[in-house]
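Worksheet for the structure shown next.
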Amino acid sequence: MNKVFTNADDAVKDISNGAVIMLGGFGLCGIPENCIAALVKKRVNNLTCISNNAGVDDFGIGLMLQQKQLKKMIASYVGENAEFERQLLSGELEVELIPQGTLATRCMAAGYGMPAIFTPAGVGTEVATGKEIRNFKGKDYLLEEAFDADFAIVKAWKGDTQGNLIYKATARNFNPMMAMAGKITIAEVEELVEPGELDPNQIHTPGIYVHRIFQGVNYEKRIEQRTVRQLAN
Amino acid sequence: MALDKYQIAQRIAKELQDGYYVNLGIGIPTLVANYIPEGINVILQSENGLLGMGPFPEEGKEDADYINAGKQTITTLPGSAFFDSAMSFGMIRSGKVNLTVLGAMEVSEQGDIANWKIPGKMVKGMGGAMDLVASAKNIIVAMMHTNPKGESKLLPHCSLPLTGVQCVKKIVTDLAVIELTANGFKLLERAPGVSVEEIKNKTAGKLMVEGNVPEMQF
Amino acid sequence: MNKVFTNADDAVKDISNGAVIMLGGFGLCGIPENCIAALVKKRVNNLTCISNNAGVDDFGIGLMLQQKQLKKMIASYVGENAEFERQLLSGELEVELIPQGTLATRCMAAGYGMPAIFTPAGVGTEVATGKEIRNFKGKDYLLEEAFDADFAIVKAWKGDTQGNLIYKATARNFNPMMAMAGKITIAEVEELVEPGELDPNQIHTPGIYVHRIFQGVNYEKRIEQRTVRQLAN
Amino acid sequence: MALDKYQIAQRIAKELQDGYYVNLGIGIPTLVANYIPEGINVILQSENGLLGMGPFPEEGKEDADYINAGKQTITTLPGSAFFDSAMSFGMIRSGKVNLTVLGAMEVSEQGDIANWKIPGKMVKGMGGAMDLVASAKNIIVAMMHTNPKGESKLLPHCSLPLTGVQCVKKIVTDLAVIELTANGFKLLERAPGVSVEEIKNKTAGKLMVEGNVPEMQF
């Protein structure tokens, strides 16, 4: 049982055209930079990507959009990407925008073996179109099905060779749920350690969910909105 | 005189109570954090996975792994906790967040809100807004009373795609503080020097005015 | 905003007859010993308790059973308690036995604001009696509703005055989900510290879920099945 | 000669494969951990919230906060991880656990299993068994072929309340290894010295016997 892969190219080798992929991260924070670069290099296309955002024009999933590698994007917010907007408005790209909590919970549902969940988000809006509505104790909820992704690609801070993962700060975001949800889960980590080096009480994603792991290189960790302290008003 | 965005934030801050867990949306709502009244303890929830959001970092201390829901670099405070997005929206859906403040493009008399899409023009997505408005017990909208064309944003019915229905409890604009009631908008306070007449003129939905409407106090 | 209570008596003061209470723990591991003792002392009765187990005859929830304080018990396994079995067979105690994962997930559903979940556990068994069955992708699932408890009482290892909690090892078990699920959540901790002393990246239950916290005393932490190493066979 | 419980565990251990995540129930299944074949790496899941369960602690090193699903004191191994019960059953329901071994009072030709209740006599509860049998891809039952009264536990239909339906893949008893097929029980192996005739006599359900049935190898 060896889960350790050499690098991103190796780890994504069998992701082929038409695959459904989840990618962790919120904005550019906690995104699997190495795997995205490998997918860009590999020029695999016709992908369906499930990720909260679509990156920016020249970083993150934006890099795959530039090469038109995506058939469909499922996200909650795509506001920082001009190429995305162009492909969407021109009809080149199929887009499903869903509430952020629904996105997170549909990942969680997959990881927890729940076929669907109920959420009030989107009731009475166009998000509810075609969906089953059910009332519990006087409140309406939408039935939302668990995602079904071929691959989940996540980024963690530390990981061990058995696949246990620890995320850092808000770079955690969607990564834990996606790690649980993939049929095959690929984790890239800033630091790969031997089993026993991580405190078993502090692990965010137990290794059972992770099929492949490698230590990433050259993390840029780009900041989208660098904001520093100033006096109020 | 109409309020500026800082004053809108300042007025909203007066709604905060000790021990509140608060989610502040992008834009004017974010500014509310600057005006938390002395002596009360408010904990900010950032839906990307942080409770106890602190101020922006000092120059040179930005860390890409520490951001808020607006993707801005932030810091933590003593007592902060990180969590994943599922738990974040879990606490939102289960009503643990006491107050949500967010911006809007339109609000209707029924308390419906539209703030995520202009068909054919703007496609940014709803982010966490739909989850927040579907679940928060108390929702305050921070916005300008009219759009850049001078058209009222307080309408009998929203014309844009909805974010949520019958959820807004209060609106604070550059002109007024307005409560949502079973009978529509109710004027609670005027911006200093702004007349009831002006507010009425700039409110397309039905506006109830009872007795003498006081000016906002800061 | 002060969440800190002096002791267990203080923290459970307003739990009154007929209340629905969740209690964390698996077996005798990670149970809120101090609060149970306070409830026993208080002699509050007609309680509905939701907990994985019912303790043993002279410890844990068993202490409340001895005093006949329970009207109903919702649990997954009650095998170590003779008084429990007696009350059950005599009809004094109403008992709902449900699968352990269903118990955990119905707590989680409450904490995550999901009114109900789907689980395959119990399909085709008497657990399914009267419950809605729904098929997703060829597999049957039961619809199980979220719990609705007045109080959740949990035990953590460390906590801070804002209610953030860290559990230790397998004493975590049901505590995090129950902490999220209570209308009022009471946490007893072995060590209560000031905000900032716990690493924000390692908190299991964020303080938003915890309404009352106190540092417990005199933990017995009884071991149910003391087992030590011996040579195989 | 019929196997003892240790030999049953030993035979089941031969089903383990490298990299398997395995959940072992209380009783005979727990003993399987003692016979993990050399050279393969198996990770034990304990449904109360641990992956990577280690051996029992040395005398004097028991810690009440470290227990397994049988409430026994245990230790961890390098690479262990703790988690809560919701995640534990999440990984069970989502099929991440490769193999579940558990005891049974009855198994039917259809692969139904009963192991949690004897009406009017025993009320212990199902614990995690219903979740495990409803979700695990591979379920092996470890049990005696007959009950203390000498009655077969391999039946056309279960008489006791069910734990799960059509889920058991294989049964290892003191007498035989039996596979569940669309046509009922199929005899794969005999305990050393035990005749096919004896196994047939002690199997109330339909038993398929094809060709020469080999003795178990250890």
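Order of writing sets the chain letters: A, B, C and D. Residues in each chain are counted from 1.
Going forward, a residue touches a chain if its C-beta (ideal position, glycine included) is under 8 Å from a C-beta of that chain, and two chains touch if they have at least 3 such contacts.
The structure displayed is predicted, hence computed values, not measured ones.
Student: Which pair wins on C-beta contacts, C-D or A-D?
Tutor: C-D
Student: Mind checking the centre-to-centre distance between chain A and chain C? Centres are C-alpha means, answer in whole Å.
Tutor: Computed from C-alpha means, the inter-chain centre distance equals 33 Å.
Student: So how far apart, in whole Å, are chain A and chain B when each is placed at the average of its C-alpha atoms?
Tutor: Spacing between the chain centres: roughly 28 Å.
Student: As a quick test, compute the distance in whole Å between the mean CA positions of chain A and chain D.
Tutor: Centres of chain A and chain D (C-alpha means) sit 37 Å apart.
Student: Hunt down the residues of chain D that sit against at least two other chains at once, touch-wise.
Tutor: 50, 76, 82-83, 86, 89-90, 92-93, 135
Student: Where in chain A do residues touch two or more of the other chains?
Tutor: Where chain A meets two or more other chains at a single residue, that happens at 105, 112-114, 119-120, 167-169, 200-201.
Student: If you go through all the chains, which pairs of them touch?
Tutor: A-B, A-C, A-D, B-C, C-D
Student: Write out the stretch or stretches of chain D touching chain C in their complex.
Tutor: 6, 34-35, 46-50, 55-59, 62-74, 76, 82-86, 88-90, 92-93, 112, 123-131, 134-135, 161-166
Student: Across the complex, what residues on chain C touch chain D?
Tutor: The contact residues of chain C facing chain D are 26-30, 52, 75-80, 85, 88-89, 95, 97-105, 107-108, 119-127, 157, 167-177, 204, 221-230, 232-233.
Student: Over in the complex, which chain A residues touch chain D? Could you list them?
Tutor: These residues of chain A touch chain D: 1, 110-114, 160-162, 164, 180, 194-196, 200-201, 203, 206-209.
Student: Residues of chain D touching chain A in their complex?
Tutor: Chain D residues touching chain A: 18-19, 21, 40-41, 43, 45, 50-52, 76-83, 86-87, 89-97, 135.
Student: Sort out for me which residues of chain A touch chain C in the complex.
Tutor: For this pair, the touching residues of chain A are 105, 112-120, 136-137, 139, 141, 145, 166-169, 200-202.
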